[in-house]
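Shared between the two complexes below is subunit A, which pairs with subunit B and subunit C, respectively.
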Partner chain A sequence: MIFGMWDSPFFDLGPIPVDHLVFTEWVIIALIGIIAFTATRNMQLVPRGLQNAFEAIILWTYDFFTQLMDKEHVAKKWAPILTAFFLFILLSNYSGLIPGAAHVQGFQPPTSNWNVTMTLALITFCSVHVAGFSEHKGRYFKHFVSPGWAMLPLNLIEEIAHPLSLTVRLFGNIFGEEMVIAFLLFMAPFVIPSAIMGLSLLLGAIQAIVFTILSASYIAAATGEGH
Partner chain B sequence: MGIALGAGLAVSIAGIGGGIGMGIAGGKAFEAMARQPEVGGDVRTLLFITLAFIETLTIYGLLIAFMLVGKM
Partner chain C sequence: MKRNKRFGLSVLFLTMVMILGFATFCMASGTGTMPIEQPAGNTPEFGNLYVIGWSAVNFFILLALLYKFAYNPINAMLEQRTATIEGSLKHAEEVKVEVEQMRKETQANLADSRKEAQDIVGRATKAAEDAKTEIIAKAEENAKNMKNKATAEIQAATEQAKIELKDTAATLAIMAAEKVLNRAITEDDHKKMVKEFVNEAGDLLC
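What follows is the complex of A and B.
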């Protein structure tokens, strides 16, 4: 165990070693799936309880992304993946606050490792270009040379900087916060770390919101009429 | 010794710049919201995006510090 991270695989699934944080991801995905399944199992015309809450979430996110992207068909197409990002990152961030995280076998908060955040950022990267290409077709590639051919290297660097900054932001925030809590636990085992943990409840939600909004604004920039 | 000093300086200098920038951005946003409460929602969204961009620079400093500490 190095630096609050398990360094050996949890178990082997045939020839594939399964890491601790992959197992935690599966648990989080199963949790979201089970809640969503029970909410939509027998849907009624007049929603009650859990179904009502999910309908409110979906309506709210559709409205929000429509406002952000200005184009309703683009927002409708990309809202599901962005909402999934939000729910997954929120639950991943909060999983670090449960007692025993990174100490129990098979329980490692996923977003405190940058393989996970880079995977999420690469999904965003691919989504942005797919969205831009399917909206503008061939015209999409014109924005790489937008003011002139001289700007091509800078535009390419900008495209690479987007996923890199998404990766580093989410990973750095969550990892730094975990380190601060671990250090405070080492110095003062009782009461005092709870102040930082209360702050990190807020921080985890803000990071999930920021990742989602930034992904949405990159997609909006790629599909917009600005170029 | 040098690496430890470098790690501390990387975080602290990056923190100073990010702190000043975030303070200015947040202050101006609250000013705008207080003046025109009806645009509060838009300003809040833009403020989050702006703060995220500013924070990235500080986080780069934190990352360099972690890499330096790992080398120690």
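What follows is the complex of A and C.
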């Protein structure tokens, strides 16, 4: 097994190459879409079964971000994108635990590649500044030079450090986890990796939550009264 | 039935996992030829613009799907649910007010009824009192009338008896005098004596 073996084009869609992990992303998105469609296909006033579970997830994330952000209108505006982050990262992390991940063609856990985590971090980065600007308008740019002009470089570094840390944290954790499981499978393929796989279930959820909470807190900081 | 089926399926699944695990174990340790390649690190290429682009597109597709199938319907449902609950609460409040009104009305009716009953009893008592007074007055009057009548009758009878007694006494006296004297007396003597006797007898009798 060679890591990154499938970090290569799977097939070409016209002139654009489609990587294995991009195909996996499609499958994950289709899965989320199908679950969402099935859950909300026949909405009932009194929720039952899948509708209840799905509503609970959406409402839980919404409440969570509302509590985190203080400003309810900001939370309402940005909760959907954060929930999408959470669901996408969670399923991407867990996809690495399914047998055959990184072995079968077109099945590469997306979050074990830092191009994907960087994309997500860049979306967060853009969201943070759009949220800050739409909340404070022109005043938003003042915080780059606060408390004085001398702090501009440091502030800029801080802004760049946010997406960088998001990228590396998620990528490092999932890539490392995948690597540990692969090595354990190589050395002792029976029973022993299951312990690490159990931990990976926890790790996958924690990383998804951490990424989402950090994104939410960056947005909260940008839209907060400090600016 | 459903439970048995689920139980059977889970047993089947666990057996498969055990067999597969055992098979890999045997294969890994048995023949000496490793079926699993030794892991070799190959850090993913950084800055693959195609992957970045695809991931961004995919993420926004996911967002759109979630908006279409999750956020919008769930928000609509939540609004509907809020409206329903608010409606129910409002209705409950209205019913409560109505019940309170009805209770007040009933109490008022009850008070009226009680008052009316008291009036009726009062009126009946007064009528009975009046009737009693009237009956007693009438009875007293009747008794008085009867007494007066009786007194008058007794007086009349006494007078009558007196007159009759006087006549009888006169006749008796004449007869006695005739016997005593044994002679005829004149009319004047006769009358004189009778008068004297009667007066004496009358004084004696009365």
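Keep this in mind: the second predicted complex is superposed on the first by the 222 of 227 C-alpha atoms of A that agree within 3 Å, B and C clash if a C-alpha of one lies under 4 Å from a C-alpha of the other, contacts with A are read in each partner's own complex, and residues count from 1 in each chain.
Criterion: contacts are C-beta pairs under 8 Å (C-beta built on N, C-alpha and C of every residue); 3 or more make two chains touch, one makes a residue touch a chain.
Worth saying up front: this structure is predicted, and the values here are computed from it rather than measured.
**Student:** Check the residue A:G176 against both partner chains and state whether it touches subunit B (first), subunit C (second), both, or neither.
**Tutor:** So A:G176 only meets subunit B here.
**Student:** Go through the superposed model and pick first if A:I81 touches only subunit B, second if only subunit C, both, or neither.
**Tutor:** second
**Student:** What is the contact status of A:T223 with respect to subunit B (first) and subunit C (second): first, second, both, or neither?
**Tutor:** neither
**Student:** Once chain A of both complexes is superposed, is A:P110 in touch with subunit B (first), subunit C (second), both, or neither?
**Tutor:** Only subunit C is touched by A:P110; subunit B is not.
**Student:** Which holds for A:S215: it touches subunit B only (first), subunit C only (second), both, or neither?
**Tutor:** The answer is neither, since A:S215 touches no partner chain.
**Student:** Classify the contacts of A:T61 with the two partner chains as first (subunit B alone), second (subunit C alone), both, or neither.
**Tutor:** Neither partner.
**Student:** Of the two partner chains, subunit B (first) and subunit C (second), which one does A:S165 touch, if any: first, second, both, or neither?
**Tutor:** first
**Student:** Is A:G33 touching anything from subunit B or subunit C once the two structures are fitted on A? First, second, both or neither.
**Tutor:** second
**Student:** Compare subunit B and subunit C by how many residues of subunit A each one touches, and report the one with more.
**Tutor:** C
**Student:** Quick check: in the complex, which residue numbers of subunit C touch subunit A?
**Tutor:** Residue list for subunit C touching subunit A: 21-22, 24-25, 28, 36-48, 50-52, 54-56, 58-59, 61-63, 65-67, 69-71, 73-74, 76-78, 80-81, 84.
**Student:** Mind listing the subunit A positions that touch subunit B in their complex?
**Tutor:** Its residues touching subunit B are 68, 165, 168-169, 172-173, 175-176, 206, 209-210, 213-214, 217.
**Student:** Give every residue of subunit A touching subunit C within the complex, in rising order.
**Tutor:** Per the stated touch rule, the residues are 1-5, 7, 9, 16-19, 21-22, 25-26, 29, 32-33, 36-37, 39-40, 43, 45, 47, 54-55, 58-59, 80-81, 83-84, 87-88, 110, 112-116, 118-120, 122-123, 179, 182-183, 185-186, 189-191.
**Student:** Going by the contact rule at the top, pick out the subunit B residues touching subunit A in the complex.
**Tutor:** Residue list for subunit B touching subunit A: 45, 48-49, 51-53, 55-56, 59-60, 62-63, 66.
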